[in-house]
Structure formats: structure tokens, C-alpha cells
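Look at the two complexes coming up: subunit A is in both, with subunit B in one and subunit C in the other.
Up next, the complex of A and B:
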């Protein structure tokens, strides 16, 4: 058995144009500066992807990476998937499962996929042996069919996969990578890029082991970690609820709080009976067949498998029902039928589609239909009002989106792409930022969410500053906050509708989540004090890798990562104008709940605070030279200047 | 004599037991040298812990006297008991499963809130709920 040190990081570089396969070590100082996974991926993106390249061209690179804490039972199997998005900005997403530890045990941490293959291929990794294999027989298959075909072909049930479905093959907006049937990741465009390279799948099997620098120290830190996350001991009320019932409990809580985006967010409350009909309790009672978890997760079951028990769709199987589905295929399109909701969501997994793309684009199309912007002449005769549609036609429409057929071709562009094509004021009904659709969390009642969605480099992605709701500020005493160097008035920062201190709080959440995703681990585990106080993560990293650095230096890794992502975007021409909220959120108050629109003045106030706290230019958002120097990344300032980007001192 | 019992329905396939067990002797996390393996049946629908262990753990790292795999198991799919206690626990789980669907994914002794603990839930009986 080949034993690796936890801190060792190896890149496997695969050029699909030439067929070359190379192994390269990741520089050790990069592990100190950027940790791993998301951090190293961001550094690789900036170093290796030239600005201005065609995202669909051979020069674009798809990175799939894990890090020092995967293969160690902290990593939760997390993978960072990153590339240049078809929208021009950085695309990066995290995915759980079992692929990460398997990749590490095979001897690798990162895969860089370059070039474009002439025919469909998959990458087969078996410890030292790496091959590019023909995938003609897999091309066109759904994710479920691909999983079954690969398992039949490779026999060993311990192979782990990442694959794409027909949507990514057809370059559908926001198509994703999948594994273990229902584990999705990379919604920001990573699946499309994988499809453009004609790479159908990655298969990995490893037999090695991971050795820690200080096993005893690791166990001490691990006990502390479990104390904060175990159901019996966590001080976070969400821990037992979230990890058992699951996030869809929110569908029943949100309507009363004016937080449930309904009928394309024209309203923020929904019929209580409908909300109850699609809630976690109903799901758990009648549909769930089995608990599931990612690799070494300390929680019982934030994922679950389901089977529809009766009715028209009896026997339809799927997995995972998160906070997103009750919005996208529930309230947003006014559907209170859980069977239909699970079929739509399950089909997205099979076709490799992003549920947020499909749900929000359907919501947009329904609003356009009700306002007469789209007619039956556009929809191929389909009635498409909120709650007024034929179920079979809607199911077929999801298939048409994946295959870019008929009316589905328009919706395959995403709501912004579709609105740009048809015009007629339909842009106002897009719930998207930087070309990507929103997620499950509303903005006008939680101003930090509004700011977070506006500034996120990849487009709306709440995992980059999770959790969206206020933490309990009393988890840490003033003395502890001082010790951590956290100079934020948490009481004020956690006031949901006061714009003050949102920039500072978002900055801390962004830095700390970047660290968690770079170790890597799962951002849903920032419970109890783990999201504010990173010392447990620091101790786990130090004991596993032997990298000795003080706490503040460890924290700086997160700050470096957020700066790398911003630099990537400003190099591509993104700036303050792109940090915005959807039109509806900035022009309409929430009726009945008193939540005001996030007008430009309010947003500007929060943006100024955020950029100032980060050390970024208020006008261009480019990180200042002094900030980059403080982070040990001054060469990036020179690089920006050489590309014609103005860098303030 | 105490030994480790398995409730297969509750195994979520996380492999914490297998991964930690592998590390107890040499401090190396791998799939070799472990005394418990989780068989993952293709199609994701079954995860089956397979034990080759007498319950005498090489090292109890969380709860003293408990096998590490049992004390780290997040769902309660593994439990450590003598035969009499094992029967009681299994019965408690089966009863709980009939009481509330939460116990499809979790053993009742893992749930922290007493209002959902069927062993103490006299209130629900009084309200006419099926227990």
C-alpha cells in the first residue's frame, strides 16, 4: 500500500488534444498560502488561464481538486470544480460524495483537463495507471445510465465517478457534474466546459493511505470538532433539525416570514397548504427510503433517497431534497404537488441540469406568459401559467431543455440568455446575477444575503458565505472575539435589515468559508462556533499537515482566495457594475411584510463597506497594491498592470 | 459479553467507522487493515457494514470503553451492548420507527430532544397518538 503524507499535493495534467498525461507536484508554499482544493484551484486558474480566451476553446482548463484534509475524515469527500465560465467570470463549485478521498488514495489531488478531444472520452485512474478511454458508448446517456454502464464495465463497486449528462454534452447553461447519482457540483458552468471538451466522465480507484503529521493532535482537535457537530452536544439549534429532517423544513417556515419566493418572487408568501404539502415532514413520512451521507460526515442524514410511493409517478426514484427544490419546483412555479416536484428535480439530476437554472427559468417563462410576452406560439402550444400547466408537458419541457429542442432551446440559455434574445422588457423578470440564477434564499429581508449575492464572483452561491441567517453572537464572548482579532460588532451585523456592518460580516463569512472549502471540508458544517472561530479547523490542518503557522496567517489563506477570485474577474472586465441584485429585488418592496427593496443607495452603502474592508478600489473593485502586498501576492499587482488593469496603491 | 450490533437500515454509507478503524493501529487512513467494512451496493440503495471484530477496540478515541466505530457512528446504525441490552435497544428502535418517520434515518438514542423520544413520550400517548 502506498502511503502519502497529508500535506503532499499532486496535480495530474491531462491534455485531451494531444493525449499527454503528466504528474506535477503542487509547490509546497502554495499549500501554506492557499491550503488546497478551492484555494489551489483559484491560484491555478489565475496562473494558467489567459484572460480573454474562449471558454469553449482548447485553452480553457477544467480543474477538479481536493486537498490536504480529504482522505482524512474531515474532508467530507469535498471536491472543488473550477474553470473559466461560459459567462466569462470564474466558475467554481463544491461537491461532496466519495470521489475526493478515492482520488487522494490513488495518489493525486488535482486534475487539470486541457484541450479538446476529437471524440467522447473518459479518464480512468487506477492508482499509478491513468488512461484516456473511449466513451462513444456513453455519450448521450443520462447520469444514471452512465453510472450503471461504468459500474458494469469496471466491475469494482468502489470506483468513484464524476460524469455529465446530456445537458452538459449539449452545452446547456449551468449544466453540472454528478457522481453517486445525485451528488451535483459546478453549477457555474463547469459541466458545460467538461462537455465542450468531450469528456464524459472521470473514474478513479485508489488503494493508498494518508498519514498525518501528528495523529494524537489530530484526534484532540477532532473530538472538539465532533463536540460542536454531534446532535447531543452542538449548541446550534439547526444541527439536529438540518441533519435529520433536512433543509426543506424551510418551505413551511418561510411563507410566514415573507421569505418564500413565490410565482417568480412576485410574492414572498405562499398558500400554507401547498407549502405543507411539499415540506420535509411529508417527504420524510411518505417518500424517504434511506439516509445517505458524504464520506465521513458526522451528521446522520442531510441527504436521503426517496421513492414516490403511489400515483401516476409511483416507483420514481431519486435522491436529495434540499432547500432549493421547494422553491424552484414548488413556490416559484406555484406547484404544491410533491410527486411532480420530485420528478422534475430527479429528471434534472438524470439529464445533468442545474435545478436553479431550470426552476428560475421556468418561473421567468411563466411570468412572461402571464404578461403576454410569451404566447402559445412560442411555447409550442403549451399553457404555461403559474400553477396552470399540464404536468406531462412540463416534464417533457425539462427534457427539451436538456436536449435544446423546440421551446426548450430558448430556456436552455438560462433566464438572462433567454431574456436577451426575446427582449420586450422580460429582463426585469430575471432572478439572476452575473448571468446565473438565484438559489433558495431571499434577499430583501436579509440584507447580508442581498450583498452576498451581488458580490459573489461566480454568481449567486450562498455556500460562499454560508449560513445566510444570523448566527448566535453569544456563542463567543467579547474576550474570545478579541483573541480571534474579530473586530465586528456582531449584534449590529446580525440585524437583518440594517445595512450597517453587512460588508464587514460578509467579508468574514467569505474568508472563513473559503478556508473551509480549501481544506477542504463542507460549509454546511460551520455550526455552533465553527463559523466564527476557525481555531478548530486550524488545529485540524496543523496536526494533519505539520504546517506551523499562527492563527492569523491561517486566516489570511481565506483572504488570499477571495482576492484571487476577484482578480480573475476584474481581468475579464467584471467590476462594480456587475455587483448588483436582480431588478425585482432592487425595484419592488415585499408586499405585506414591510421589507423594502434593496435600492441602489442601500446597495452602494453596503458595497462601499465591503470593498473598503477588503482593501479594494471603490470604483473598480480591483484589490489595492497595499492589500496584495500584505497578503504576499504583490506579483499579481504587476500582472494586472501588464494586462492594462489599473491598480491603486 | 458485549459486542457490536448493526442496524443495516440505518447505515448511511458514510464510512466513518471503516476509515477511523483503519487508522487506529498505524495512524494511516486507508481501506486496509480495518475490522469493519461498508459494502456499498451499486445503485446507492444499500450500505451494509460488515464486521470482522470481537468488539475489543484497539483504541477508544471518543467514549471510554466504547469501540471507536460505535461512538463515531452518526446515525446509531452501530451499537455496543450485551445480548439482553441489544434486544431492548433493537426493540426501542423498531418501536420508534413506527412512531415517527424521523427514525427512518436515526436511532432514537441519538435524537437529543426528549419530546421526540418514544421511550419517554407519554405526552403523545395521552393525546391519543399511536405509539
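Up next, the complex of A and C:
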């Protein structure tokens, strides 16, 4: 059994065109500069993927990355999945479960998948032994069927998997990777790219281990970490709620506050009885059969498994009811039936679809149908109004999206792709940014959310810049803020409708989240002051790896990562014009709540503050030479210039 | 007597055994209401108020909205209670 140091990072490079398999060390200085997981994935993307390549071509590379903290027993079992998105920008998503720790035990930290296989294959990793295996028999299977087939074939219950469903095989917009049946990740198109490479699955089994550099120091940092997550001692109002009930509790909180996207966000409130019918409390009362946690998670588990107890869909099983589903398959399409909601969500997991793609595209289609832009001639005779649909037909439509059949083929493009095809003003009803659908968080009452979704490099993804409902601004005193070098007026920054200081706060949270995802840790473990005060993470990293750097240098790793992602996008032609909010959010006020639209002036004010704080050009958003120099990444400025990108000094 | 609409979210739900109720109260302030509710649902006050300081616990939240108004987070337990108010505990 091989025991490795936590800081050691090894890349497994697999070329599906040639069949070659190589092991390469990750440069040691990269661990200091970018930590691991998302950070090193971003560095690899920029170094190895040439700008302008065809995302579906053999030159695109799919990276799956762990980090120095992965596999140590404190709930850090995350994966970063990254590639060039079919939309041209960076695609990156995080995922939990057990795959990351198992991969590290097998002796690897990153997998780079290059080329395209001639036939469907899966990658089998058993410690030193790595093989590309035929997967013809798996192609076409759902994620659940693939999981069962691989388990039967490999016979060892400790294998961990990542696989795609039929949606990714068929290159459906935003299709994802899955594991442990319901663990999804990489919604920005990572699954599509895996499908384009004809790679059905990855299977890994390892027998090694990870050694901490300083066990006692690590234990001290861990105690501090646990105290901040403890139900009694945490100072964060979300800790008790998230850890036991999960995010769908928001469905009962949001309708009164103008925060629940309803009928494709034409309204921001919903019937309270419907919201209650699909709430966490109802779900826990009658549907949950088992709590299931990721690798060593200190929380009571957020991915609860369910079985529909009675009625038409009795016996249907699934898992992971979280914040997205009550909106995407609830209020957004005006469905107050929890059974139907769980079937739609469960089918997305089986077909390998992104719930946000499907929910928001259904919402768009329903609005188009009600406005006469789409008719029964388009929908194959289906009635498609908000709350006015046949349940079985809607369920079948999800299947058609995954297989690109009939009307489902149009919706498989995502709302933006579908709107571009049919036109007729339907673009106004797309709730998307950079070609990717929103993720159920309201913007007009929380301006930082508006800014966050506008600038996010992958498209809307609040996990890249912290939960939008910020922790209590009084969590840190002025003296503590000074100690941390955080020169932000938190009180002003947390004023939800005031555009001032949103750029500065968003910058900090983007850095903070980049660090957490590079260690990597889980978005839901960043509670209490752990998103503002990174010293606990710093101590955990230092004691695990033995890498000693001062706190500000540790923080700079997060800043480097956010700059890498921006550079990737500007190389592909993205810029200020793409940092925007959906038409509805910039042109319509929220009725009945007094929340104004985010007009261009307001957005520009926040964008200017954000770009300035980052040291980026206000016109092109390209990081300035002085900023790249400060971060020790001067060579990236030269690289940009060589590609014809103007870099301001 | 005033009738207010109370909503129990997440951890408040197992304590009360109900998701919401219309409740008649004699209390003039939120603290008074919480003390009334503590007599009905034992442990309610300690869930929301710090036993040492008597202040609202930092890791819980109460939203208060007068009739037809958008509820907002309560920072002070002296918050007056009006007829028809909507109050969410979580």
C-alpha cells in the first residue's frame, strides 16, 4: 500500500485517440501558487488548451482534479471538473461523493483526457494499472443503469465512478457528469465534452493513502473548523438549516420576499400552499428514506435519498433534493406537486441532464407558448402553459430532451440556443447569461447576485462566488478585518439594494471561493466566518502539506485562479459585453415588491468597481500587466500579447 | 388581542409540529410573543433567544412583515407586533 504526502500531485494523462497513458508530476510550485483541484485545473486549461480550438474536437481536454486536502478525513472529497465549454468559455464545476479520495488513494490527483475514441470506452484505474476498456455495452444506458452495470462487471463494491447519461452522449446542452447515482457536477458542459470524446465512464479503485505533514497542527485547525460548523457554536444562521433541512426550506421563505422565480420569473412570488407542498419539511416528513453524506462530511448529510410513497409515481426513487429543484420544477413552471417535481428531477439525474437547463428551458417554452410564439404545432400537440400541462407528457418531454427527439430537440439546445433558432422576440424570455441558464437565485433584490451572475466566467454559478445570502456582517470586528487586510465596509457591502461596494465584496468572495474549491472543500462547509476569514483554511492547508507561506500569499492563490479564468475567456473573445444580466432582470421591475430592474447604469457602476478592484481593464476586462506581475504571472501578459490581446500596463 | 400569521421553517417545525398557524396574541412585542409561544411550545424561547444575554441568537432568524408589507429580518426583539402581521421563525 503506497502512502503519499498530501502535497504530492500527480497527473494521469490519457489520450483516447492514440490510447497512450502517461503519469506526470504537477510542478511543485503550482501547488504553492494554485493549491490544487480548481486552481490547477485552471492553470492546465490555460497552458494546454489552445485558444480558438473546436470544443468538440480532439484538441479539447477534459480535466478531473482533486487537491492536497482531498482524501483527508474532514469532509473534503470534492472534485473539480473542467474543460473548454461548447459555448467557448471555460467550463468548470465541482462535485462531491467519494471519487476524489479514491482517485488519490490510487495514486493520482488529476486526470487529463485528450483525443477522441473511435468507439465508446471507459477508463479503468486500479492503482498502478490503468486501462482503456470497451464501453459499447454501456453506451445508451442511463446513469443508474451504468452504475449497476459497472458494479456488476467490476465486482468490487469499493469502486468509485463518474459517468455520463444519454444526454451527454447526444451532446445535449449543459449535460453533466454523475457519480453515486445522484452526485452531479460540471453543468457548464463538461458532460457534453466527455460524450464527444466517447468516454462513458471513469472507474477507480485505490489502496494507498494520504499522509498529513503535521498531524497535531492539522487537528488544531480541524477543531476550529468544526466549531464553526457546530449547531450550537456556529454564528451563522444558515448552519442549522442547511445541515438538517437543506436548501428547499427557501421555498416557504421566498414567496413573501419577492425572491421566488415564478412562471419564468414573470412574478417573484407564489401561492404559499404550493410552496409548502414542495417544501423541505414535506419532503422530510414523507419521502426521505435515508440520509447520505459525501466522504467524511461533518454535516448530517445533504443528499438525502427518497422514495415516492404513494400515488401514480409510487416507488420512484431518487436523491438530492436541494435549492434548485423547488424552483426549476416548482414555481418556475407553476407546479405544486412534489411527486411530479421529484420524478422530473430524478429523471434528469438518470438521463444525465442539468436540472437548471431543463427547468429554465421549460419555463422559457411555457412563456413562449402562452404568448403564442410556440403553438401546439411546435410542441407536437402538447399543451404547455404554466401549471397547464399533462404530467405524463411533461415527463416524456424530459426524455425527449435527453434523446433530442421531436420538440425535445429544440429544448435540448438550452433556452438561449432554442430562442436563437425560433426568434420572434423569444430571446427576451431567456433567463441565461453566457449561454447558460440561471440557477434559481433572484437578482433584482440582491444586487450582488446580479453582479455575480454577470461576471461569472462559466455562466451563472453562485458557488464560484459564495452564497448570495451573506453571513452576518458583524461576524468580524473592525480589528479582525484589519488583521486580515480586508478593507471593505461590510455594512455597506451587505446592503442588498445599494450598488456600492458590491464589486469589492464580490471580488473578495470570488477569491475566497476559488481557494476553497482549490483545496478542495465543499461550498456548504463555508459557514460562519469561514468565507471571510480564511485563516482556518490556511492552517489546514499548511499543516496538511507542510507548505509554509504567509496568509496574504495564501490568499493570492485565489486571486491567481480568478485571473486565470478571466484570461481563458478573454482569449476566446469574451469581454465586458458578455458580463450582463438576463433581459428580464435588466428591463422589468419586480411587481409588488418595489425591487427595480438592474438597469445598465447600475450594472456598469458595479462592473467598474469590480474590474477596478481586480486590476482589470475597464473596457476589455483583461487583467492589467501590473496585476499579473504582482501575482507572479507576468508570462501570461506576454502570452496574451502574442495572441493579439491588448494588455494595459 | 391580535391575530398574527406565524410560519415555522426548518428547525422550528419539529418543535411546533406545524408549518404555520393563525395565532391570537396579547403580546405587544416580538419578545412577548416568543414568551407566549414558549409556554405553548417548550424550548421555543431558547431556540431563538440566547439564554445568557436574552438577545436574538446569531444563528437563527426571524422575519417580520406588517400586513401587506414585505417581511424583513428582525434585529431587535422589541419589534412591535401589529394585527395581521406575518412572522416567520427559522
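Side notes on the structure shown:
Just so it is clear, the second predicted complex is superposed on the first by the 647 of 649 C-alpha atoms of A that agree within 3 Å, B and C clash if a C-alpha of one lies under 4 Å from a C-alpha of the other, contacts with A are read in each partner's own complex, and residues count from 1 in each chain.
Everything that follows uses one rule, which is that a residue touches a chain if its C-beta (ideal position, glycine included) is under 8 Å from a C-beta of that chain, and two chains touch if they have at least 3 such contacts.
Predicted model only: the values in this text are computed from it and were never measured.
When the two structures are aligned on the shared chain, A:19 is found in touch with neither subunit B nor subunit C. When both complexes are overlaid on chain A, the residue A:279 reaches subunit C alone and has no touch with subunit B. Of the two partner chains, subunit C is the only one that A:256 touches; subunit B does not reach it. Looking at the shared chain after the overlay, A:212 reaches subunit B, while subunit C stays out of its contact range.
Residue contacts after overlaying the shared chain place A:27 against neither subunit B nor subunit C.
Comparing subunit B with subunit C, more residues of subunit A are touched by B.
When both complexes are overlaid on chain A, the residue A:245 reaches subunit B and subunit C alike. Of the two partner chains placed by superposition, only subunit B is touched by A:294; subunit C is not. In the superposition on chain A, contact of A:304 is made with subunit B only, not with subunit C. Of the residues of subunit A, those at positions 231, 240, 244-245, 281 touch subunit B in one of the two structures and subunit C in the other. Residue ranges on subunit C touching subunit A, taken from their complex, read 7, 9-11, 13, 19-20, 58-61, 63, 65, 70-71, 86, 88, 90. Of all residues in subunit A, only 1, 3, 71-73, 98, 105, 148, 151, 157-158, 180-182, 207-212, 215, 219, 222-223, 226, 230-232, 240, 243-245, 281, 284-285, 288-301, 303-305, 319 touch subunit B in the complex they form.
Contact residues on subunit A toward subunit C in their complex (touch as defined above): 231, 234-237, 239-241, 244-245, 249, 252-253, 256-258, 276, 279-281, 472, 593-594. Residue ranges on subunit B touching subunit A, taken from their complex, read 9-16, 19-20, 22-23, 26-32, 39-46, 61-62, 72, 74-76, 101-102, 104-106, 110-113.
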